[in-house]
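The following blocks contain the structures, represented as structure tokens.
In the two complexes that follow, subunit A is the common piece, with subunit B as its partner first and subunit C second.
== the complex of A and B ==
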């Protein structure tokens, strides 16, 4: 009897450790990391309307950062990437999860709602998906973009702005799930689209017992590449 | 025959044990990546400045609200206070802090009177408008004034989530508005140092 219980205990340990090991190696479920809280904000968009982080709760939001006077190819590439993603959103199966795209300009003095509206039209932004916004108060803007989104920008003496290109994907809970900080390449859009799919799968499937598998995927760092 | 019976029993024990190994499921969203919660140093209702670092070794339950708040803040603080009651002695390992999003009206004294109404161990803290705005931004909290009634004065729309910071100062759990006292207590119990 004692020996049988001992065998049982060993078998249980093998099952638990082996299961955990197999989960980590084969990664049957992949997720995106919960990086940190996205910042809270109240901005004004290209239509002069208020846009807050609470308005975007319950949906996926992709943020990018730019300023309309930027003539650097990087800024143009950022808008191009957003445009590619926007054009693919309609065909993307995310269940009933809405997606928003917000481009935050770091030049509020120049980028008035009128300028932003003209810029949105010039790049082909669909207002159903993609908004342009900013905060008039430069220090608050710095807290949001520099502090919350950890995206570096600096106003130079010659009037230009040094800006690190970045996209940030935020889930419906207001948690940052993806940061894409390298120089914009065409493949960024593929990766972001794929990550939106991974996130949607997690939201749709992690209910009841299945949520344990998703929490385990977070625990074992089974992150989608 | 007897051996088969034992094997069946062993199988049942294994299944029950495996079911018992089911990991705890939190009522809020768990932040897996340990990231230090934004620190602060703000004036508390005790008349002393307090920093998040002062509470290392304890769980910190953090909430952004204000004393003139007509519904959401009292409803949330009642649930947190209820959770403290459920935790009993273990509540000493938890510090609840309400950061005022209304620094103009919420003096330390007013905050002290307000939070004590829910639980004497709760702290209310406030700072300059700029300090609060910066902190709220980093904690993902939106707030904005809007017109109220003559009796209430202006009101403030604000994010109503409750955040739990672990004993190492890492933001670990985000609880949505509406989480009950029992659910908060269950999560806190699971996180106690």
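== the complex of A and C ==
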């Protein structure tokens, strides 16, 4: 009897360890990491309306950062990527989860709501999906964009602005789930669209006992590429 | 042949089996405690980049320290190559939380920042990322810990906290 218990224990150990190993290797469930909490903010959108992080609860939000005076190709590429994603959103099946896109200007002294509105129209932004935002108190912006979204920008002494292009994907709970800082092997728009699908799957399927599998995927770092 | 005889295990062997299982438990506990209680970080591959273009496009084309929040939060993009780190001198203020993004444009390197818990493999095509907070003023060398050719021994840089 005692031996039976011992064998039972060993078998259980092998199943648990082997199962965990197989789960990590074959990754039947993939998730996006819970990177950290997205920052809180209160901004003004291109229509002069208040836009806070709380308004974006319950939906996926994709943030990008730019300034309208930028004539660098990287800024044009940022808007271009957002536009590609915007055009694919309608065809994307995310269940009932709405998606928002917010572009925050890092040049709030110059980029007033009127200028942002003109910029939105010139790039072809669909106001149903894509908003532009500026901040009333520019001294707070560094804490939101640099401290919260960890996106680097700096106003140089000669008046130029240095900006590292970045996209940040935030889920409905206000948690950052994706950061896209540099060109990886696949294009940013493809990755972001794919990641939105992965995130929507987790939100929809992670109920009841299936949520254990999703938590295990987080624990074993089974992150979607 | 009785059941007992068929399963006979020498007492010495039995003790060794117990010891090896006990060691596994000790190691698993140590890893868990190190990870969750002491905050040891495993440098997971953050992302993949193209090593052929990494030195000319994106943040490593202009490597160095970037200030996210003045005096508080920084990120450092460091490019490893034979046989130097770009940049090889970094200065941060006391209390700064610095996230290192390191990649290589040629062969495999290492990045160990002395007297911190940062020690990463730098693999071409892969970005290694770790964060550390500098609470004390001082000088930390970062050295290449992976043999990368003739001048591997002189591949190092200096981070000053002041």
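Things worth noting here:
Note that the second predicted complex is superposed on the first by the 221 of 225 C-alpha atoms of A that agree within 3 Å, B and C clash if a C-alpha of one lies under 4 Å from a C-alpha of the other, contacts with A are read in each partner's own complex, and residues count from 1 in each chain.
What we mean here is this: a residue touches a chain if its C-beta (ideal position, glycine included) is under 8 Å from a C-beta of that chain, and two chains touch if they have at least 3 such contacts.
Predicted model only: the values in this text are computed from it and were never measured.
In this overlay on subunit A, subunit B fits alongside subunit C without clashing.
In the superposition on chain A, A:219 makes contact with subunit B only, while subunit C stays out of contact range.
Shared-chain residue A:3: touches subunit C; no touch with subunit B. Aligning the two complexes via chain A yields an angle of 80° at the C-alpha centre of subunit A, spanning the centres of subunit B and subunit C, rounded to a multiple of 10. When the two complexes are overlaid on their common chain A, residue A:146 makes contact with subunit C while staying clear of subunit B.
Legend: residue contacts after superposition of the two complexes on their common chain; A:49 is shown touching neither subunit B nor subunit C. Once the two complexes are laid over each other on the shared chain, residue contacts for A:121 go to neither subunit B nor subunit C. Judged by the touch definition given at the top, the superposed model places A:36 against subunit B, while subunit C stays out of reach. A simple residue count on subunit A separates subunit B from subunit C, and the partner touching more is B.
Using the contact criterion defined above for the overlaid structures, shared-chain residue A:181 touches subunit C, although it does not reach subunit B.
Closest CA pair between subunit B and subunit C after superposition: 6 Å apart. Within subunit A, the residues touched by subunit B in the first complex and by subunit C in the second are 143, 147, 221. Across the complex, subunit A meets subunit C through its residues 3, 142-143, 146-147, 150-152, 154, 164, 181-185, 221.
Within the complex, the subunit A residues that touch subunit B are 1, 4-5, 7-8, 11-12, 15-16, 33-42, 52-54, 139-140, 143-144, 147-148, 173-175, 211-212, 215-216, 218-219, 221. Looking at the complex, you find that subunit B touches subunit A at residues 6, 10, 13-14, 17-18, 21-23, 25, 29-33, 35, 130, 133-134, 136-144, 157, 159, 161, 171, 174.
Contact residues of subunit C toward subunit A in the complex are 7, 44, 47-50, 53, 57-60, 66-70, 72-73, 75, 99, 101, 127.
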